[in-house]
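Labels for the chains are A, B, C and D, by order of writing; each one numbers its residues from 1.
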Amino acid sequence: MFYREAGQFYTTYAKDQGIFQLKQDKYGLWGLLFFAFLVVPIGLYLLVQGGVMAGTTKDYLYNSILLLLLVNCMAAMGLNILTGYCGQISLGTAAFMGVGAFTAYKFSTGMNYRVQKEDNAGELVSTLVPILPQIDNPIALILLAGAVTAIVGVLFGLPSLRIKGFYLAVATLAAQFFLVWCFSRVEWLYDYTSSSTIQIPLLKVLSFIETGTITFGMPDGSTKAVSVSGFLVAGSETLKVPDGAKTIVSASGFILTDFSKALSSPDASRAVTGETFRIYPVPETKYIFSLAIVVVFAFIMKNLVRGRIGRAWMAIRDMDIAAQLIGIRPLATKLLAFAVSSFFCGVAGAMLLIFYLGALEGAEAFNINESFSILFMVIIGGLGSITGSFLGAAFITLTPIILINVQPAISDVFQDKALVEHIQFMVFGALIILFLIMEPLGLSRLWQIAKEKLRQWPFPY
Amino acid sequence: MGEILEFIFAPILIFESWRFGMEVVISGLLAGVMYSLVALGFVLIYKASGMFNFAQGVLVLFAALNLAGFIGLGVPIPLAIILTIGIMILFAIVVEYLILRHLVNQEQIILFMATIGLAFFLSAFGETIWGSEVKKLDVGIPQGRFEPFGIQIQYLELTAGAVAAALVICLAIFFNKTKIGRALRAVADDHQAALSVGINLRTIWIIVWAVSGIVALVAGTMWGAKSGVQFSLSEIALKALPVLILGGFESIPGAIIGGLIIGLGEKLAEVGWGPYVGGAIEDWFAYILAMVFLVFRPQGLFGEKIIERV
Amino acid sequence: MAADTFPKFLDSNAQSRGNRPAIREKQLGIWQTYSWKESRDEVVTIAHGLAASGVSRGHRIAIVGDNRPYLYWSMIAAQALGAIPVPVYQDSGAQELAYVLDHAGVSFAVVEDQEQVDKLLEIKETASSLTSIVYCDPRGMRDYDQDFLQSISEVKRAGEAHKAANPGFYGEEVSTGSGEDTAIFLYTSGTTGNPKGVVLTFDNLISMSEMSVKLENIRHDEDTLAYLPMAWVGDNLFSIGQSYVAGFTVNCPESQETVLADLQEIGPTYFFAPPRIFENILTSVTVRMQDASRPKRWLFDYFMEHARNVGVRILQKESVGLGARFKYWLGEILVYGPLKNTLGLTRVRRVYTAGEAIGPDIFDFYRSIGLNMKQLYGQTEASVFVTMQPDNEVYADTVGKACPGVELRVDPNTREVLYRSDGVFKEYHKNAEATRETKTDDGWVHTGDAGFIDSNGHLKIIDRAKDVGVLNNNSMFAPKYLENKLKFFPFIQEAVTFGAGRDFTTAMISIDIEAVGGWAERHNASYASYRELAAKPAVYEEIRKNIEQVNADLADDPELAGAQIARFVLLHKELDADDGELTRTRKVRRRFINDRYESVINGLYDGSDKVHIEVETIFEDGRKGVSAADIAIMDVTATSAAQLKKAS
Amino acid sequence: MSATERQFGDVLLKVDNITLRFGGVKAITDVSFEIREKQIFAIIGPNGAGKTSMLNVINGFYHPQEGTITYKGNPRQQMKPHEAAETGIARTFQNVALFRGMSTLDNVMTGRLLKMSGPALRYYHQKLANLPVINYLTYPAMWFGDLILDSLYWGPYQREEVKHRKAAEEVIDFLEIQSIRRTPVGRLPYGLQKRVELGRALAMEPDLLLLDEPMAGMNLEEKEDMCRFIIDLNHEFGTTMALIEHDMGVVMDISDQVVVLNYGRKIADGTPNEVQADQDVIDAYLGVAHEADLEEK
């Protein structure tokens, strides 16, 4: 209906091979990006400012829905590369995400290892010794996470030359269980904490964060104060009010300071030396960063799958013998799919830690159900479709949230918390089966049909 | 150097105390029998419908939940068993009616995903009805142990082994001697041919799901009697998966032998190597073992060499 | 100096808008684009190459093939050398081709591909003047070793060498040419006899091109689709004349089969098609919409109804209520816009149709959805333009006012239309007699069409002058007028009426297989073939209703009331150009049909209700066969003037 | 045009005493023949005669237990299918083996994959490969560089894509499948699928093209088209072809040399006319109920 294709023709192959065949699709995407990058944050901000929406609602939207959605989109893209484009089923996605998360953690904390010494009293004293400088740039961490995960992914992809189909799927469970075991047993990974929990430290970008003490003139003379300004992206940090400081100035933008947490009085002007306060990023920063990462990787994925690499993957997927006979090296191609897919998953895992959770326990956050849930995203969204990855991630992420939010209504009837949770699960399971029966090719197929209908409008075909 | 050798041979070194070693072997084999039982149910369904039934583990939980639930309500044990069998058959019919017939001719991965959905539903459904607390399951298997040659053996384990063996024999008779069993094998060999000689696929599906349900009941009963009926039962059942890739999705002897190998292997590894690396290597050892095995023999234990055709 | 030949226009375009696209061709998946500069370079090289092969002033060069840049360039290259291009219909048979080549004295031929080469080789013996053949597409030509055959790339190679040796040659040759020179021979496929070669000069073509470009405000950024035969005068005027004068872009489709898809891709801004094509498009719109879901169909009908009410008025910038305007705007978004898009007419600014009368429903349909469709009247002999409908003065039943510079008059006795303009042809090649018959000494040309000028000053064409006859009851019998009225019904593909010198009028009709077939499917009537469908009583019944409607229309007009159709027959096959029943431009060959279907005509008049027919047909693969059938004849009731009064 | 007028080049592929066993079953027994450059070479025989196995041996999919294969003058080691493809052997299949999830254009483009090594790697092969010292560093670096270019679809990579698109379009043009360029191949009728499959093989610009029953299941018109393409290919580009075909009329018309297999053994080898007159061949065909094929002739 909205398509006006007449007159859209291409005079060069470069243009003909563009990502978008139709201007309307291109404008549609730009519109969507505009909405996601500008309208959402500014709109929500204005809604809160205007008193229409509670500040907590906004934070809930970001912290519990949008960020999770973006992480899941990233993971679903990763799995879709492997399963949707290269035809290799993987049940270990969550574990690969975990590799990404732990890599990000280790690099952000400087790759600590433990040195145990007996002190004078004969007690065993452990100290953590960093072997690398701490990396506080989230982009660098995410890329490192991707790279390390890619290597791990290749290792676990090696059997794919010999094993096919569900046998391979089960074999990838080896990765799932082995890696998750590592996350809770290899102490070095979680810096020897007893709870095996990892927590991301404060991350910042462009390093124009300035914390410390400054001196500046006040009408009643010189006063020491703290200035916190800059561009925080993730994590949080507790700072101490420096000696002699009487005032805390929260200068600019992308930081939230939580004085109430530690100060005896929420009034910042009466800050007392030696007390602490916490700084952490505004949810918008995390959102914009996550969004940008997802958009960039979606672009990369699109480029890969529409080029020679994508064609080789799809050839292996559709008919591996014919693919070999036209000269495609099966092992190299599959391993590349494992590597790229794992890279994406690693990035997703790092994002999960850095932006969404902040702190997590590996064995719990990356258990097998997480793997299945990502597989669901890919299947329900549609195998071999980037749009499908997004739609599937949205479906699987939002359905439970919607179910939770209708929970109050159900609880009124049943009065039993566990029961309500079970009903939620049942509904979810039933929905999935229903969906598979009704549209086995996934949401992307529905999307495609709808688009085709719009293009043919008003004709039926 | 010595330490490294000691580490490598740790699973063998446990036989320094041969009684302890034998106990480990026996408990490993018995765990293996349990895996075999779960894998068996899986193989039945895969053979008859090409469906990779991920819900088999949950089926074990579901069956055990029902049995424990009925017993908990005071139903006499034989009646409770019959009731549970009835539920499993009813369940098979419902699954065929609501799911299978709508998914005919879909790709395998879709069927697989549907069974995961089914697993979600079923585990929640069972717990909705019977509650999610851990239940004791006492079907009258004698407790305690006896010690031939000083080796400690639980009666329960012995019973489980006997029951499993009996079940396998029953299944063998069922498949080889009964008309339905032969029909099942025909379907597994060639869907089209089976259809053309008038075997009703839907009936076959109901039967295999019911039979796997009953096998699941046996497995669930044994396991439940050992460690109580709880949600984690369905996760233990995931161990059946490496058994399957070792033994092959379509081979009943494969499921049994594979189960024993996995059960034994992971027990030895756990006892031998576990202490060195922080324990709980049971979680993944079976998978790595199966994967490494598969890399060298892709057709599995009992499969024939695959000749690819173009 | 103003340019007076096409090669000169090419030079000036290459100068003034060298980097703008001149011509595109869908090839290897994309629209390969050639700028004016590149076009000129190609033309120069080809011209040199042709010269090297011996082409010189006055030679005739046949051009045979689909619309391809190389063929257009070859035409210009020939003109640059002072040679005369003779484009020939690409689907004409060997015999037709032989006649034209021989008559025009063609010595050179530039053809598209192996298919055309084969055809030329077949007739080369008879067309003794033909000495050399150039082909553009080398596919399948590897094993042809005749030395008079060369590929266009060989010609170009020779051209490069020739150019290096004679650098000033092309410029000299072009400047030697002048406006009075013969630009082209165009063979008109007359309805009778052999085709006549119309000789047009550069002055003819250029004056008419300039006139129309100015009149219609045609700009240099237009896009057109060149899909009509190159041998047709219209293509020459639109794709070369106007394109060279205005400097716009001509687009050549990938192949005949992909024209519709290519049309949608290009989305021309300026589109010409004969009524038949608009008719076909509308039929397919109707058929496709019948399969749409109910709400969609409702939406479509609702807004089309609205468009019928106000669309034309909005197009003509008449005053329309705000509400209606808003509703039309909504309709544009929901229906008209998408519809135009699927037809490829989103960008179109002007749509022309000519050649035959267009059904008022069809005409209004296109205009109501916002397409500025206009009719014009033209002839090869006039270099196309005689009359054209000015904006906002558009009527379905006229062909418009005389174009600027065209004088028009109607012979009061014969009702024949005559005109005089700068575009009037020089002569018929080697046919002085025909020239004299058609063109008077003072430059008036007989069109052969009967018509009159109405009160608005618009010309209305009734029929071929010689075809207008009289029934025995003295009423006027204008067969084409009747036939057009019949053909405006979707079920009727072709109609031939008889009545001159008879007691009453009868009609021979061939049904539209697509429309009737769709109708039959919806009514669960099965049919295996055209013949079976055409013989169905239910189909007869539907057609009878159509004819009664025509009769009612005719009853309105005292002069024609007596010519109402009394009996009709549905033919068992489509009328076909391959069988010689239609011309290549799909006009009815009346005399031929009279002979061929004599038994049917007799049956129509001797009162029998069934008639046996046997005709020879040519199948697609060229084999001949006899198709025979028994077909039914049906009576139709006439509307009397009295009935008409009662009804109203 | 008769075979005697035709000039062939050197021996392109020489098969010597090949024996192929599956377990205890012999699929091919002691078969030898030679394919010369520019030849259209036909392998015929009743069903189960080992024809497809022979093609599988030639393109490295099966490995014969005995015998040698000499290709382009060099005895060939046991190789994998993709290595055979790298040496210029392309192949179509008896049952269409297209990549069903992709469009016609993408299928043809996959045929170009071997030639699309990536601009950086190509630079390495042209300029840097002779610097052994830095080999271990440059090769992965170039490979990685290509991956980056690929993922950005930018610069040299985009130019490469365009170059090969053009080559693919020429194949599409040659086979007259322009109108289905963007259609997913799964939706095409069988005859067109076979044509697309040929297109994919052609896109590889093979030195030896193996065609496994290129006309099976086609109607007369489609067969004629396919014959025309095969002959055009051979005449215009000099492509050497080995084909298996059941339609004897076609085989006798277009092939220059025919080998007849029966039960895995060669029973005749020669020009179509010689083979047709061979008593063993007639017996083999009559014995295995292939009268229909001969009657067609």
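Please note the rule applied: a contact is a pair of C-beta atoms (placed from the backbone, for glycine too) under 8 Å apart; a residue touches a chain by one contact, two chains touch by 3 or more.
This one's a predicted model, so the numbers in the text were calculated from it and none came from an experiment.
Identification of common neighbours of subunit C and subunit D yields A. By the count of C-beta pairs in contact, the leading chain pair is A-B.
With centres taken as mean Cα positions, subunit C sits 62 Å from subunit A.
If you average the CA atoms of subunit B and of subunit C, the two centres end up 77 Å from each other. One finds 48 Å separating the Cα centroids of subunit B and subunit D. Multi-chain contact residues, meaning those touching two or more other chains, occur in subunit C at positions 29-30. Of all residues in subunit D, those touching 2 or more other chains are 61, 93, 97, 165-166, listed in ascending order. Counting partner chains per residue, subunit A has residues 12-13, 16, 321-322, 325 touching two or more of them. The residues of subunit C lying in touch with subunit D in their complex are 27-30, 139-140, 142-143, 254-255, 257-258, 261. Subunit D contributes residues 59, 61, 80-82, 84-86, 90-91, 93, 97-102, 106, 109-114, 116, 118, 147, 150-153, 157-158, 161-162, 165-166, 200-201, 204 to its touches with subunit A in the complex. Across the complex, subunit A meets subunit B through its residues 83, 89, 158-159, 162-167, 169-171, 173-174, 176-178, 180-181, 185-187, 321-322, 325, 368, 372, 375-376, 379, 383, 418-419, 422-426, 428-433, 436-437, 440.
Residues 1, 3-13, 16, 456-461 of subunit A are the ones that touch subunit C when the two sit in their complex.
Taken in their complex, subunit A has these residues touching subunit D: 12-14, 16-17, 300, 303-304, 306-309, 311-312, 314-315, 317-319, 321-330, 384.
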